[in-house]
Amino acid sequence: MLDSTLSSFRRALIFCAALLVFSAPDIPAQANSPVPPAPLLPTREVIDGFGRTVRVPVNPSRIISLAPSLTETVYALGVEDRLVGDTDYCDYPPEAQKKHKVGGVINPNLEEIAALHPDLVLLTKEGNLLETIRALDTLGVPTYATDARTVDQIISSVQKLADVLNVPAAGTALTNDLEQRLAALQTRLSAVPPRRVLFIVWPDPLMSVGKNTFVADAIRRAGAVSIVDSNQDWPQVSLEEVARRQPDYLVFAASHTGSPGNDFETLAKRPGWQILDAIRNRRFAVANDAIIRPAPRIVSVIEDLARQLHPEVFPQPPEVEKPAPPAAAPTPAPASTPRQSKAAASHRAAYPPESSCAL
Amino acid sequence: MSTPSRTPTPNPSSEQPRGNPDVRLSVEQASYVYAPNPSQAPLFTLEALSFQAKPGEIVAILGPNASGKSTLLKLISGALAPLSGRVFLNGFPTHTLPPIIRAQHIALVQQESRLLFPSRVWEFVLQGRHAHGRGLRFETEDDVTIAKNALAQVGALELADRWMDKISGGEKQRVILARALSQQPLLLLLDEPTLHLDIGAQVDLLESLRRLAAENKYTVVVVTHELNLTGEYADQVVLLQKGKCLRVGPPATVFQKDLLEHVFQAPLSVEMTSLGRPRVILFDK
Amino acid sequence: MRPLTLGRLLLRCGILALILFVVVVIALKLGAVQVSLYGLGRDLIRVLLHQSSAISTDYGMIVVDIRLPRILLAVVVGASLSVAGTSFQALLRNPLADPYVLGISSGAAVGSIVALMVENQLAISPEFAGLITPFGAFLGAAVTIAAVYFLGRREGQIDSTTLLLGGIITASFLSAIIMFLMSTLAGGNLRGASYWMMGSLSSLPPRSLLYFLGIGFLVAAGAIYTTASDLNLLLAGEKEAMHLGVDVPRVQIVVYLAASILTGLAVSVSGAIGYVGLLVPHAMRMIFGSDHRMLLPASALGGAIALVIADTLARTVVAPSELPVGAVTALVGAPFFIYLLRKRLA
């Protein structure tokens, strides 16, 4: 019986081998057909967020961003005129919405990308799919991926990205600004103990953030600590467990488009939530939804959150604060060119510290 | 339609044909034990029995329920291997033949056929020709002719283009028989063919079997518990009860009042017709 | 009374192949980026004449590098799933059988998740990177195929009911494992896994993989086709088929292995695209009848046509975004399934 089984397969194999020899068309291999064709730009090798050594143009002039955080960073570095395409979800700053859209973050349209003839495509390790990178490799399009698990890594990846985009000085200016603001905040918050908070990504099922995410790190920088201690990125937690730990504050990530149900009033009415002190005492903070984007704006969000959680160390009322933060007002780096200081200043103007949505 | 009188193609590993060339079917001390769980007592035992059948004969395997009739039929068809003894068809042991060779010589008529997807009558009957084909091939003119003849022989030629699920039970029975005939077998086996038929249809069927056996020299083996049909149509009767063969022979010798009453546990009497066939009358104390 | 002849078979297959060709050409033309018919024709001819290096237009790149491999993938996957579905419906004697009923897609999903985890931990050289996930998925499928085979035997040979039950149980068990893995594993790029499981043809596999799939399809489908007449008889029941001359154990093993391999190959590359393997066989049966000598090639061609159409819709309806192709097949497939049900009852 085994023999006759094998003979069926064998017969079929011989038949199709003959068929294939005569019919395989010549589909070009990757090396013959890069997108775009011809002119050879000078390139260099860099190491990206995946640890890959990638070959990118020295001066990329047609950039596509496949993540909203990267689009924001490109604008913050002042090189948005070189951005030829971004995703449907790239909505900040508002001008980014006018760029040519190439699809979603996890399902970008390869044809649109190819038709734009990019010389560099930017991706993130945590937001984009490995598959997308592989497909772009097959097409011969240079890719660069960032990776940021902490706030420090966000800042350093901004610097690395600035290097790749050939605007290192703008990157330095921006990162210095961000670091100085964080240092100032740190000083201010050093006197007070951190607040214990629950960051609510979604109420039902109740989901929070894990300790290895940059969101958790951002919360730490804002003078708080997340009561959820999980290795998963988006762990599901039980209300009982939260009640046992009784956070001081609840923190929501607000969205401009509105997340129905994910605000304090709705949650307070849900059965069982009254068990939390934070609900009864109306202790909550709303962070701008930029908190879940690993972009420069996160520093502003951290400042705003710190202000909500520790009003006692910020004596001035928020409305007066425009645009420079109090006390430690950073000046642009002395050796910067006019363009770079303009970049840093325009960044601060576009991203005022308290850029939360009015509720 | 030509008389099929071929012998089976020899199995490379088989023994030499044995026995009397007049005898087509020879059951020699065949027995079977059904024991699904080897460590427990067997559920059913068919004790060794023997009989022979010639071309053109109708043999009835008769007995009440659970007497081993279906098991014996399976042994004859080669679907089961006898625990001891052998079943020979024209001298070759049925169980050792490969399925396709078996199907060229033995046809089994089931009571009904469950069809998963609807098919036409002619498609169904052509299935009987599969055994005579080779691998992947398409039916030839000969195959079509044989199938048509088979339908004609059971009087169902006009049903050829109808759908199988749209014909009546009796018509379906005839079509199933036609499929078996298109296999051009030497041995025709039927398992309780009269079970779902009304009396007229039962008589029709047995008349057809008698005619076919005579014309085409089939050896027909019918499993049944119908006493009077057996008495009227069978040339030989194998009487079974609880796995034991109590008697083998022509109906006149097997249909004894005491024996039948013992086997069927019902009061009855037996009388002979003018043609020498026994007739059983029930409830006759 | 007209039995199937070779001539009639080739004629019908020829018509279906022609329809497939037209559909492929239309699919090559449609997409997020506009392509002219003239340019398309010229570039395709260049490809066939082995002059692809002469294709210099940008849109030529899009057609040849992005669309053509994707469409070819849809052809092979659609054909594989449909042939597998037809085979399982015959093997299990169940009109509701589809290629995934025996748990192969769940096994492949587990394999792909494990492969993704491995990929995240190790640094893989680029030429192998594209092959880790499909390989892992196929390995998962292979293990499931073996396990279900051993579960599905009764008295030493395959019994269709036992096989079906064993497969369903294995599928449920593996789905539970997937849910467990997805909810407890830390970080990683596992989001890709859940998107993959919805079924997608957008992964741009390496050329070598496409050729491998094509050969695998021809070998496995060819093996099944050698049992086509036996399958016709197997529909009536295992005992009946045996009495009509079918070597039932041999046919069951060949069909089970070959159909499972077809499914495993398709799922490894494109995830679990639903409804194609279930409905294309029924549609072809309605048109051509249940003779497997006609039905098997018709299902292959019909499945290729259906999936190319579904994939083209998936990537054009909400351009530049894409719908998962599994969603399109479900949206179109479910109403069609209801229509089939009603027709059967009528």
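Each chain carries a letter (A, B and C) given by its place in the written order, and its residues are counted from 1.
Going forward, a residue touches a chain if its C-beta (ideal position, glycine included) is under 8 Å from a C-beta of that chain, and two chains touch if they have at least 3 such contacts.
Values in this document were obtained by computation on a predicted structure and should not be read as measured data.
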- Query: Which chain has its C-alpha centre closest to the mean of all protein C-alpha atoms shown?
  - Reply: C
- So which chain is the furthest away from chain C, centre to centre on CA atoms? B
- Query: What whole-number Å value describes the gap between the mean CA coordinates of chain B and chain C?
  - Reply: 45
- Message: Using mean CA coordinates as chain centres, what's the gap between chain A and chain C in Å?
- Response: 36
- Query: Using mean CA coordinates as chain centres, what's the chain A-chain B distance in Å?
  - Reply: 78
- Among the residues of chain C, pick out those that touch two or more other chains and give their numbers. 225-226, 247
- Query: Where on chain B is chain C touching in the complex?
  - Reply: 77, 79, 98-100, 102-104, 106-108, 110, 113-119, 122-123, 126-128, 130-131, 133, 135-139, 143-144, 147-148, 160-161, 183
- Over in the complex, which chain A residues touch chain C? Could you list them? 1, 4-5, 8-9, 11-13, 15-17, 19-20, 24-29, 32-33, 35-37, 51-52, 88, 101-104, 106-112, 114-115, 117, 125-126, 129-131, 134-135, 137-139, 210, 212, 231-233, 236
- Item | Residue numbers on chain C that touch chain B, as the complex places them | 1, 3-6, 9, 93-95, 225-226, 228-230, 232-233, 235-237, 239-240, 242-248, 285, 289-291, 293
- Item | For the chain C and chain A complex, residues of the former touching the latter | 31-33, 47-48, 50, 52-53, 55-56, 58-59, 61-62, 64-69, 116, 119, 123, 126, 129-130, 133, 183-187, 189, 191-192, 195-196, 200, 202-204, 206-207, 211, 214-215, 218-223, 225-227, 247, 249-250, 253-254, 257-258, 315, 319-322, 324
